[in-house]
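To keep things clear, I will list the structure first and then write my remarks on it.
Chain lettering (A, B, C, D, E and F) follows the sequence in which the chains are written, and residue indices restart at 1 in each chain.
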């Protein structure tokens, strides 16, 4: 956040540089079952983001000392391909991806009936093949689809969505330029049926009003993304997608 | 990647768990505090004279020492006219039986990054005043957080110690022949406040026992203008939107009091 | 250092093992192919527009994405008038239950080095055209191979995707103020073809089941002039000299067909 | 040792740059029980050194293959905070701290009744918060206090103390300038009741006479430091401090 | 392979820069039993290569999860001493030595009766003390001798040998200059009694005819090296060297 | 951090332990030596012609190869007019069943640092003669110690091999265009001598069996002027002050003999 730029991010008509309205999402495409080797998988294209997620498990947790006798442990790994960003990224986890892996693991745990699978691990791998701002929320959305595809029992699908502030305006789903030159970003993960918030981060500079407006905008959009999730799962399975 | 936190005892006796929850139904906490009451804060700045800035912060029994080192170095290519800051947390095994030697754990990394975001996103340090020669040489501010005794809520202890140590720091220009030393220029004073959700209750500044049984955690960093600069939700539980709003509001109040303490204590004594 | 490969299920049911071998006595394979028949290839170039070049290759159900990044950097002291290339394979755990997070395994390293040798030894990239300023600045070509779904024979899938991505790559000279962008100059089109030995039989492009029970593996990389540029034998079994000669001959034939596909598909679509 | 300098380290009156006599210690302050989470702990301020030590154990040794069926293993870890020195030190162990951790572990083992706690580990963590020459001997002193505070049975307290040579003069307890520009340093750890030597290192350039003088000076001072240790422990516990 | 040079590697008489004929080996010297601590060991001097190999095992494989209940695992480790090459090499495995360790492990496994030693590891350590082109084939030869010295039952000794192409001529056993400036290298490991090929790599640029000529040349030379191996083992044991 | 050393068999049969101690009461050692007698030393300098200096040292059956590489590089900022030396020990698993592959263990680091201190503190290498261009370019001397057969007392074997290899080394100035090659300039010849305490007895140059049951170890490095340059006590036992004095005295005597051997053997032959 907060690099200064001479770029105007909101034009005189209140439109954004990619032509969107403040509360408009980028185009999103979802596909389930893309990794044959995995127990469940999904692909999400979200603006310029291309993200693949796969689930393995529940399977015996290894090494043994990480096993929890009362429930499954959920281990998400967020990883960016070296070529997913403008300047080549060195392979392997950096501090940012370690933090994101942690908060995504925690968010996913909140919806999974982990107590049904003691001593196991549910491994969720999120690969960012092309990055374009909002990778963590697109990634958690892909992960949610992959978990459903794997038949992991969950109390709700989970939806990732971000809002933020750009040129003083609260906007939904920041793109790359808005992320680079904007004033705040609020990535969230939401359980649409109950409105619970499973992931919440924020960085930038916002008043209380701006922040609550942004959160409400993201929660509203979550319902739309939720419908796409249902659709993507129906496309594969027909019928009921919940457990 | 795990969801059992290093910041917990792992297993808390079931009896203690029920006791804390039973107390909560009566609006009480195990150490006698109110839900919105934080533990006593003691700040000793200048604890490490060899560092350019330092602060030892005690938040209840939790003890954190932050040292700030400032050295010349190359700017990043895309910000030739800005200084650089880095943050690092060492969960040294001296501070807790649950900390292990080795490279930073995911807990240490999250902790460092949350403190980092609060300082960076509030533009607390005036980075443009840390240029020695544009594009060639700038001041690098290293914020190293050393945990010395872990009794819960490192986010706030570290965040408080970091801003107190920065506020205490002198840029050692004369040592490198770059003119007179000067106080590290600060624009803002971000303060993180952390809440834990225990059952249906939400308490400020959780102690170790509370942290051990909390289902969710939310840290909100606010500055002296009442702006929000950073948030971080943690753990495997969830918050409702109303709970989040309430937490943000309380963070603004508590943050203000803590900030007064930091700025008032700026010339405190070592204990 | 182990001899149970990450590229196998570890334990294949004995019944499947016998079944595959029984089929082989009749000249048949478990997926209906002939011994010299490779799986269908689908190539999608330009899959990652943010990269300077890219190709998604599906070889049967095996899926590999190669991204090429091209950045300016310093040449090696002993080759001041040549660009640089590096190759890297990420066996990301998304692609197989047998892949684990962490630094590159010996399997990933062997794979990257075999692909590297094919490209390097055939002088596929015209390295002398990648000099910006002799001895000072050259283009570095990073070939990163990301496995997305592992169903056997990564050597060929990676080798095909690498040369397809290179063939798709643009040197981003204008971004760095070094004149106009230009197509990455290629001189040759090396293609690896891999065979597995199962019992006494040798099959091209082994699938996952075949790989799991193979005793030996041989990859031969050939170019469009019919030259051999690289070979790599793997696994704990042996080949007779006659077998090796036969494998080299078949590699030349199959390599030619695959190369036609790569060059023909150069402007393919994403699936 | 041995960087040349134009600095005179001993003046015409035979005094050192900080005004001490050759056989005089720097001011030392000790405090016990400073880390509440630990089983035992101590803080030592010694000249400009600020050092904290904590003990955990005896506790089950982990990983299991390090367990000794006949005795406790003693694992000391000497660590310098990044900000403890003039030029920021990269976090994590370097070769020097690995060596010091090893010799301190060995020295502490020599006084602990390790055979009383088979299969366990006694972990001793020494954190140098500010460094000012002589950190290892100050650290071992702090560790000894922390072990006593933890109630670990020992056949003696252990005392760290160094002597060396500066401007051709044998001196006790070198400070930072003396360490940088002096001619030799002899760090020792001593069991004061028996005079046994549990840690002994030396670097520099000394004749046999100089070296033995230095060792005797350090052993003499060890008795003084020992009294401070007893005092610090009494301050906390009153009464008998040994086992 | 393939650095261009103005050097002529084959003179008008068809001789190589070290005076050898195209199909001539460099001088080779073998010695068995050079590491007393090991279960078996050998030293091979091959041109300027100086290579030591030692075998430990069969011994219980550790960590346990690498054990194979049906056979021994063979773990070769190829390592170059820092000072073995012109420009000092950083200690520790690089990508090249990891690859070589892998293919050597696989090649050695092909001759050892591994099913006789379930759950064990046979560790083979190859140290390159001075490198002069052809280290992997000299190393595998040393390893084979060390395995025989250790009494590990094998169905054949294994012989390493390379051929290649230099100035357009197919030649045996490239030396350092030929390796640097030549056109192709084909390292092989051969079971001389059956002619089986256990290791085969190649890099460079060769026609089918050149490649098959090179392989035949290496296989021919393998018989000569095999005789040296037998001789070296006889020198130590007299009598029968197989099993 | 452990106190079971890699330099021991771990468990020595109790019977052997008693036998060695029983012998000691009669002034005898398991290999027939006197308490102050070191094992035979064989030194082969120039063993690795590709290195700038090298020495293979056999101390009894213990075998160590030291190679010295000398390359140009940048001086440290605080010593612009001095060359640089680094030492490294590789306890390669070839040399002992107790050595494991991987990054240097604490044993390897201690060993390297003790040898390093002996050479550095005695100012053995004339560092001021290793400057190519003050503040810009100096010679870096890499001393790499490769253990080839471990039968006890690596401290002395490494220390002897290191000084012998340095004494054999040529600075390769001509290779880099910095004038004529010249012999690495040495001012001093430090030699470490190590003693082990077994029960109440102290023996010089302990072999593997003795090392395995020793309670304490003391290495004293002395130079040709009779000065002491480095000491290192190891293991979990203690020494009395009288024992230390005795050890220092003996080290001076034995060190002298070993030094004569090193300087006399300077042109020895490979075995």
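Note that a contact is a pair of C-beta atoms (placed from the backbone, for glycine too) under 8 Å apart; a residue touches a chain by one contact, two chains touch by 3 or more.
Everything numeric in this text was worked out from a predicted model, so none of it was measured.
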**Prompt:** Counting a repeat as over half of the contact pairs in common, which of B-D, D-F or A-B repeats E-F?
**Reply:** B-D
**Chain whose average C-alpha position is farthest from chain D's own** = C
**Asked** So how far apart, in whole Å, are chain C and chain D when each is placed at the average of its C-alpha atoms?
**Response** 58
**Message:** I'd like the Å distance between the centres of chain B and chain C, where a centre is the mean of that chain's Cα atoms.
**Reply:** 48
**Request:** Find the geometric centre of each of chain A and chain C from their Cα atoms only, then give the gap between the two centres in Å, rounded to an integer.
**Result:** 32
**Item:** Touching two or more other chains - residues of chain F
**Value:** 104
**Item:** Residues of chain E whose C-beta touches two or more other chains
**Value:** 77
**Prompt:** Chain contact graph: line, ring, star, complete or other?
**Reply:** ring
**Item:** Chain ring listed from chain E, with chain F in second place
**Value:** E, F, D, B, A, C
**Request:** Name, in rising order, each residue of chain C that touches chain A in their complex.
**Result:** 47-51, 54, 61, 63, 65, 67-69, 71, 88, 90, 92-97, 101, 103-104, 142, 144, 146, 148-151
**Asked** If you look only at chain D, which of its residues touch chain B in the complex?
**Response** 34-38, 41, 48, 50, 52-54, 56, 59, 77, 79, 81-88, 91-93, 123, 125-127, 129-132
**Request:** Going by the contact rule at the top, pick out the chain F residues touching chain D in the complex.
**Result:** 1-4, 78-79, 104, 106-107, 109-110, 112-113, 117, 120-123, 218, 226-241, 244-245, 248-249, 252
**Message:** With touch defined as at the start, can you tell me which chain D residues reach chain F in the complex?
**Reply:** 1-3, 66, 68, 73-77, 95-96, 98-99, 101-103, 105-106, 109-110, 184, 186, 191, 195-208, 211-212, 215-216, 219
